[in-house]
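Chains here go by letter, A, B, C and D, matching the order in which they are written, and residues are numbered from 1 within each.
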Amino acid sequence: MRNESNVNSYARQFPAIFESGEGSKITDVAGNKYLDFFCGAGALNYGHNNPRLKQALLSFLEKDAVVHCLDMNSAVKDRFLERFESIILQPRDLNYKVQFTGPTGTNAVEAAVKLARLATRRRKVISFTHSFHGMTATSLALSGSREEKHKVNPAQDVIFFPYDGFFGEGVDTMEYLEKMILTRGTGVELPAAIILETIQAEGGVNVASNKWLQDLRRFTRENEIVLIADDIQVGCGRAGYFFSFERAGIVPDIVLLSKSISGYGLPLSLLLMKPELDVWKPGEHNGTFRSNNMALCTATEALEFWKDNSQEKTTAQNAAIVKRQLEQLAEASEHVVAVRGTGMIWGLEFTSGAIARKISSNLFGKGMIIETCGNNEQVIKLLPALTIPEAELRTGLSMLAEEVLALDNSVIMEHNSLVA
Amino acid sequence: MRNESNVNSYARQFPAIFESGEGSKITDVAGNKYLDFFCGAGALNYGHNNPRLKQALLSFLEKDAVVHCLDMNSAVKDRFLERFESIILQPRDLNYKVQFTGPTGTNAVEAAVKLARLATRRRKVISFTHSFHGMTATSLALSGSREEKHKVNPAQDVIFFPYDGFFGEGVDTMEYLEKMILTRGTGVELPAAIILETIQAEGGVNVASNKWLQDLRRFTRENEIVLIADDIQVGCGRAGYFFSFERAGIVPDIVLLSKSISGYGLPLSLLLMKPELDVWKPGEHNGTFRSNNMALCTATEALEFWKDNSQEKTTAQNAAIVKRQLEQLAEASEHVVAVRGTGMIWGLEFTSGAIARKISSNLFGKGMIIETCGNNEQVIKLLPALTIPEAELRTGLSMLAEEVLALDNSVIMEHNSLVA
Amino acid sequence: MRNESNVNSYARQFPAIFESGEGSKITDVAGNKYLDFFCGAGALNYGHNNPRLKQALLSFLEKDAVVHCLDMNSAVKDRFLERFESIILQPRDLNYKVQFTGPTGTNAVEAAVKLARLATRRRKVISFTHSFHGMTATSLALSGSREEKHKVNPAQDVIFFPYDGFFGEGVDTMEYLEKMILTRGTGVELPAAIILETIQAEGGVNVASNKWLQDLRRFTRENEIVLIADDIQVGCGRAGYFFSFERAGIVPDIVLLSKSISGYGLPLSLLLMKPELDVWKPGEHNGTFRSNNMALCTATEALEFWKDNSQEKTTAQNAAIVKRQLEQLAEASEHVVAVRGTGMIWGLEFTSGAIARKISSNLFGKGMIIETCGNNEQVIKLLPALTIPEAELRTGLSMLAEEVLALDNSVIMEHNSLVA
Amino acid sequence: MRNESNVNSYARQFPAIFESGEGSKITDVAGNKYLDFFCGAGALNYGHNNPRLKQALLSFLEKDAVVHCLDMNSAVKDRFLERFESIILQPRDLNYKVQFTGPTGTNAVEAAVKLARLATRRRKVISFTHSFHGMTATSLALSGSREEKHKVNPAQDVIFFPYDGFFGEGVDTMEYLEKMILTRGTGVELPAAIILETIQAEGGVNVASNKWLQDLRRFTRENEIVLIADDIQVGCGRAGYFFSFERAGIVPDIVLLSKSISGYGLPLSLLLMKPELDVWKPGEHNGTFRSNNMALCTATEALEFWKDNSQEKTTAQNAAIVKRQLEQLAEASEHVVAVRGTGMIWGLEFTSGAIARKISSNLFGKGMIIETCGNNEQVIKLLPALTIPEAELRTGLSMLAEEVLALDNSVIMEHNSLVA
């Protein structure tokens, strides 16, 4: 766009100029409408411009509420903290202190690692194959999926271990991790922290099993390693529960939330920490936009979705629909390698990245936004809004199915030859 | 506040719960009003809730404009880029490409350093004594003022050089820098970049001279070192011109803007780069909240302040008032060591941090928000809104003067003994 | 000893003041004689003061040959290089260029890693669990067995992988290594080099299988990773052949020799490199004592041991004796966990380090020098001279057997209680 | 030479095959004799094959004394430590504990830095412009003169400061260092250690003034920074006294000796440390050839040179001769820029490296060995044996003078054109 940098990527994949959005629909300046199965990479779990949140925001603006005040206390922050505790933490029996880091996920990751190092006085951090945690120096070093960037941003003090399933079904990668860390003389020191996505979203919608997650929690607890759950993409209800780790019944030491926490696509990040980990000195991690009050305004309103278990129920119903359709599709198409997912995050893995990218591209042409992920972009990732009406959900699934089934070898070979 | 982390700092310094704001006035939940000489650490150059920006935002929300779309193109981004070019870049004869990094200053710093390393294939970056650039790993490593944090976040690949004036009047620190870099065998390699604040805000309102800035620009140009101007706090008009470096007539290779670029206190960051430096591959630096459309909406409107030179004139007039008053105060008080500043950023340096902190604390008690800075917090930093009415400016200056003149040694000694 | 540093270790384990040595016998100042099954940690493969080497040295000294000349050419170096090529390299069909690094093993390791990085323009180096490569910064970083030292000497740019057998019999650790390196997005970059001990001596006499070594060689060749064989302790005939890797029929890209290369216990190190890897610029790695001419004098003479295969035959015969005796011992004693070894390097693993240390200590009291190794010092390591007479070999084995068989639980429990 | 690596450097500069040496004379295989003003880069302070040392060595060998025993105690080590204490330490009122590191200077540097970090629990080490400390990773990182190598061996945790005189006569670089370290917020943390050559030998024979050395000692003492004197090249009498720092009356915390400590060109290194710094745990720094007993044998004998002050007197007389001649030469030749030195280390700086290299090369052709140093190799470095007969010293000086005076511009320009 005009004089924008080459660095843009989604703008190339979905080349339109977008103007307005409502729920799961987005409209470009030419008036074309798109069904959104991408939801701002998980930042719009409640769809675009949710009316309840919008009303809260309008009223906030109209009364000239304080918009920006760094980490100072504000009425809106006070209310958010009160509601977050009563709606989210208490019913789940969770005891966390809250830090508002700079309003991006990567900033929360940076803060978490710094805190774990301060608290344990150790340096190393373990991350997993195909992980993604962000683009500032620490986060990028922790991102296995971006290993090609480690040349310019060395992954020092980071050790990569195989994620659940990396070696296939028969191999328990937690056994490997335990033995490498606990045996004396392996060269692998006791780390400060292990950073975990319970579901690797960018990495290809890889879903860790409950048992593996429980083993990891037991191991880190026993060895006093800080377990950091990066729930930036898969938290806030995306995985079926408010926190993605609820399905495994585990409680991490640090939890990172961002993306959908404001509910309106506004920048905000939270770091939840067990009280005993709060070894920060005042100002030891700061940042101008720590508490983005407009985001806190909508975030408070968005918590209402979690006052009871209705959202969880809806997600479970929708998840069943998606699962069934994708599994049928997998059976019907020779190009589909695997179906993975839970809640409202699903991946359809194809035999190649070229196929997945072509499907995404074709669907965009037909009015649907859906992205690819995985180490070779071979996975179509479905991230519909949690609030999507069932009819729209089914429409999207049908559009996807039609596109997949239309694939035939000649088309693909042709495409490959163009790509190569 | 409730279960917030110990990390909070401003909340301790200014312990109120703020509710609303208008221009240079801010009100807490108890109805107390405060005169704001802090302006969100420079993020509110146009004051709180500027009505013109507010109207734009309300209308943006009401028409359900797209709020969040990662780096995809949007109507509001398109308009911002067009206006930024025509109002800001073209009249100044500047040719920059624009990158929207994650919406925090520190993210822009991280991106700039990564880009400089990619473009030059060198590793080292030079930063200056008493600098501050942010809290993520690269930025913190570049922050001389936070050297105590380097234990947990090592300042690898960073070399610190003395800022202008560090050794007092007689010593030209640029000569030192040139000789250490250009002589063979000093151990100091040719760096990828030098990162510069033309005025060190956190560092104590240290104003680099025009000559020093020009020498630095000449030196970096001749040796193909990327000169990065961190204009996050002192850009957007704070230093008298839109860009802080305009006063020296220099053109950096990369310019970083954040804080006041949205004009409304909303998170947004821009990295401006000379076109030949745009070596990014698509997606090589990304982030969820890159183009925060609500911030772009107000940012576009805020550019209107710069359509002509009226804002520059106002700032010059106000600067003259501040300068005169502070210099009088310095003469009158034995506790004031120095007065430094330009535009609407001024520092009043005291003989100790204890004194400066006490003044800030007393003024808060009397309804004024003003912060301390400098390596021992010995400097009172004045950051009134660029749009502050002259009467309010004079009120604030009077309150400050009164407080300084009320100081007597017994009070201070008592305070010191409490602090020690 | 007097004002020596606390850092001494062997001096504590074997607390005598040694005066003279001949073959496998060493005498202390009090006239006590010791049978030497330690051989200077592998630096005395031909025993103490081998008469042929001694004569060469006396004649060298008497004629005032040049003792020290840095890397300049000398008659003795010329002769060594000629003999090394004709006796060692040519018969084995090996084509290596020779570098004399500083005369210590760790210096050769440092040079090898630097060279691999220069040649490949990559940074990472892979090392294995329980490895040991030396004490200077790079070597220590590569030493898994010293992970507790990584706190003060960070193992940056080093990735540790499981050595052959680390996970027990059923698991092929080369599969793990291959998949972690070759899969995109694991976080593990393509390394510059892999550094290998074919037998981990300090690590506990762990013998890699021929198949594993062959797989490693195939993998590194196919992926253009420099394979460095650290033959410092297990080369020079220790493992049965002149080079330890001959048994697997593989040819590393770089080979490091030290310890026994001089044959007389004099400091000398060699780095052998495939000619295409010789990307050094003159002086790019230097050091005062590179070619220690007295060491070269005895080294040349020691090559005569390898003019035919008689030494290999002797070692094979002796190895068979050791193997048989140790295996009998293992069967007879419940305290022995495993027997491992080849050539003249054997390990007897006990159930605890306390037992192994006690055996070593008792044997010293009875006139035998034998050390412990392994991550918990639980392994007795047998390193008799290659030239040990069969009678002395059998004496040593009997002394060891007697000591092991004399162990009874009460003794051990008592010892443990003292240690604890 | 044959299949030696390209890495050789002196072998290129002095292309002969050397066979024997006596005192200051060295003979090649063709029977050519050379006057040695290089002395193995300072490793042969007592000349080649000093007869007294040779006799000690022959007798050591003949009686089959133990040649190699790692760090175990030996009769020869016992005697050396006793003599070192009584001849060297006690008369100088020095209280040091002794560590035998691996037998190379660079190994002593590595050990010293590790020890300083362990003792202070800090990371950073300060080194100076144009310094040289060796080629293993830590030492190379500390070598300002090899900054071009830092690309492959990053100088992490090292901060370079200007050596005495770096900015010319008027500037006291210690003031700079003090202010940068002691001021809060400069980005320069309190270091673990400062490593110092009192005379930079490789760096161009730069002689730090006594005052500067004293200021550095005061500063490091006051701030509990470990002061490491790298006396590897300029210790053992080279600078006039046994320790180079005696001239300034200072006592470093750690002293490193190597090169001439054996007196016979044999590898040996000593680390002397103040007793309170001996925080090593047993084995925390080790190495196979720690106490090279043959080197200890000659080292003990070489201490006899220091039983009284006769060697110091001789050096002072010879130094006066050298100084006078070089100063005359400097006046007579327009190509000489400066004369620097003390004791038996002198530098003659020329207007270019091309000239200095040509002089060295021409002198080699005429039977004299003398090397160049400095960041552009622009300095001829004189390192005659401390024991050189006055006549040979004068011969060498005359040969040098003749060569310098024979220079005329046409020759030089021609040479430059060939070089360019």
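Operating definition for what follows: contacts are C-beta pairs under 8 Å (C-beta built on N, C-alpha and C of every residue); 3 or more make two chains touch, one makes a residue touch a chain.
Since the model is a prediction, treat every value here as computed from it, not as a measurement.
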| item | value |
| --- | --- |
| Separation of chain C from chain B in steps, with touching chains one step apart | 2 |
| Centroid-based (C-alpha) most distant chain relative to chain A | D |
| Interchain centroid distance [CA atoms averaged], chain A/chain B, Å | 32 |
| Chain centre separation (chain A, chain D; CA means) in Å | 59 |
| Centroid distance [mean C-alpha coordinates] between chain C and chain A, Å | 49 |
| Sequence positions of chain D contacting 2 or more other chains | 156 |
| Pairwise touch network: line, ring, star, complete, or other | ring |
| Touching pairs - complete list by chain label | A-B, A-C, B-D, C-D |
| Residues of chain C touching chain D in the complex | 1-12, 14-22, 26, 29, 40-44, 48-49, 54, 57-58, 61-75, 77-78, 81-82, 85, 96-100, 102-107, 110-111, 114, 117-118, 134-139, 141, 149, 152-153, 156, 258-259, 264-267, 271, 273, 278-289, 292, 294 |
| Touching residues on chain D, where the partner in the complex is chain B | 123, 127-131, 143-147, 150-151, 154-160, 162, 166-167, 176, 179-180, 183-189, 203, 375-376 |
